[in-house]
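Some notes on the structure that comes next.
The chains carry the letters A, B, C, D, E and F, assigned in the order they are written, with residues numbered from 1 in each.
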Amino acid sequence: IEKKQMQDFLRMYSNLVERCFNSCCNDFTSKALSSKEEQCVLNCTDKFLKHSERVGARFAEQNADAMGAGSK
Amino acid sequence: IEKKQMQDFLRMYSNLVERCFNSCCNDFTSKALSSKEEQCVLNCTDKFLKHSERVGARFAEQNADAMGAGSK
Amino acid sequence: IEKKQMQDFLRMYSNLVERCFNSCCNDFTSKALSSKEEQCVLNCTDKFLKHSERVGARFAEQNADAMGAGSK
Amino acid sequence: MSFLGRGNTPAGGVNPERVEMALQELDMITDVFNKLVTSCHTKCISARYAEGDLNKGESVCIDRCVSKFFEVNKKVGEKLQTMGAGAAGAGATQSAFGQM
Amino acid sequence: MSFLGRGNTPAGGVNPERVEMALQELDMITDVFNKLVTSCHTKCISARYAEGDLNKGESVCIDRCVSKFFEVNKKVGEKLQTMGAGAAGAGATQSAFGQM
Amino acid sequence: MSFLGRGNTPAGGVNPERVEMALQELDMITDVFNKLVTSCHTKCISARYAEGDLNKGESVCIDRCVSKFFEVNKKVGEKLQTMGAGAAGAGATQSAFGQM
């Protein structure tokens, strides 16, 4: 179980890197991250985590509702 | 093997939900599925299964042909 | 480990087929590959392998740099 | 019904097969959750990333997106049930949707 | 050749390693099949979903799509063989494509 | 730091758990590498495939693309660390990023 959590976390991390890289980096005339790109990556990470948290909260609620309805 | 079939089925199911949701739901001014969206989801599911069946049948034929050619 | 290499290779192979098929085949008025499509698939395969090799070389360099920096 | 239609877990001791099944179910829920996160991110989050917080519109969109996703999940499940899900999946369908 | 170039399975008793290999091959075929389904769905099926049946044009498109996908699979396999598939994959290539 | 923040592997004998961890780490690196290959392919390689060789522009683009991807990886890792990565991932973060 613990191993699985670790794996899920690492997968989330690599998905996040991929997603934010793809969204934020479109200029390959330089090999260094511009400050604009860097800000974009930070916001992207921040927003993605908040998004996931909110989705998780709603997911749990819906699941609980569904459970309740099922046991009636 | 049986466990694998179950897993494949569940994966197919979740892929189907994802696909039909992405294709059919684009209006988030309401939290309930509109009747138009619902019809789209039903058609999407129906069509996807028929599509998979047809691909499966052709896949099997091609594979059989290839096998026959290989053993000549 | 060996088994894993085999799996990775097969996954790479199927990804390559998928990618080159998606990029090169857009005309379904015939069931045979046109010579233009065939050339596209060969170039796509060739280029993808060269691309992967180059990415792999840079990846290894970056990783080595990072390791060096870490142990300072 | 819960997301996977398993409202009531049968009571009983721990045995390896049951643990295996629970892990499989967990895998499945993780898979669905990740798809949900990705779909709603695509539908609701602007790719410009001008700020790190969710704005009001994004937040409301996420809530509705999750609701609709669950509804779609339910509709697809019902449809699969009425279709018998074809020959191959029939057995599996039985067991997965028996409690919906 | 079959899809994975294994036309003739050698006869012999059941041993765990062989079962393992068969499962791995099954995984691979499932993976390829799923990619085929997705690719041909993208190429052939309109995303409007006005009806649940495949129309004539979609059906014909699917048949051709599967054919082409197999041809592409064959071309890529041949190309990989002639290139030796680089250093890393060379051994694997041998065994996977030896019978094509 | 190395890509996964494990610059120095502790010395010691081989035990099954350590092998397991190494395999898991290998899986992770493979996963990241595949994502890198795909992202840079999308960013740098024209989909027309008029020739099989990488041209000058593509080659330079790949080199920069890999560099930037590493930088993004680093920024995301640092950001996750400062945020504590939420409740669930906190423990894992500790161990994965402890050496960055």
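By our rule, a residue touches a chain if its C-beta (ideal position, glycine included) is under 8 Å from a C-beta of that chain, and two chains touch if they have at least 3 such contacts.
From a predicted model like this one, the values you see are computed outputs, not experimental measurements.
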Common contacts of chain B and chain F, by label, are none
When contact pairs are matched by residue number, over half of those of A-F recur among C-F, C-E or B-E in C-E
Here the gap between chain B and chain D, centre to centre from mean Cα coordinates and rounded to Å, is 16
Rounded to the nearest Å, the gap separating the Cα centres of chain E and chain F is 29
Among chain C residues, those touching two or more other chains are 20, 24, 42, 45-46
Within chain D, the set of residues that touch 2 or more other chains is 44, 63, 67
Going round from chain A via chain F, the chains run A, F, C, E, B, D
Listed in rising order, the residues of chain B that touch chain E in the complex are 1, 4, 8, 19-20, 23-24, 39-40, 42-48, 50-52, 54-56, 58-59, 62-63, 66-67, 69-71
Contacts from chain F onto chain C in the complex sit at residues 1-3, 5, 7-8, 23, 26, 30, 33, 36-37, 40-41, 44-45, 47-54, 58-59, 62-63, 66-67, 70, 99
Touching chain B in the complex, chain D uses residues 20, 24, 28, 31-32, 35, 39, 42-44, 60-61, 63-65, 67-69, 71-73, 75-77, 79-80, 83, 85-86, 88-89, 91-93, 95-96
In their shared complex, chain E is touched by residues of chain C numbered 3, 5-7, 9-14, 16-18, 20-22, 24-26, 28-33, 37-38, 41-42, 45-46, 49, 53
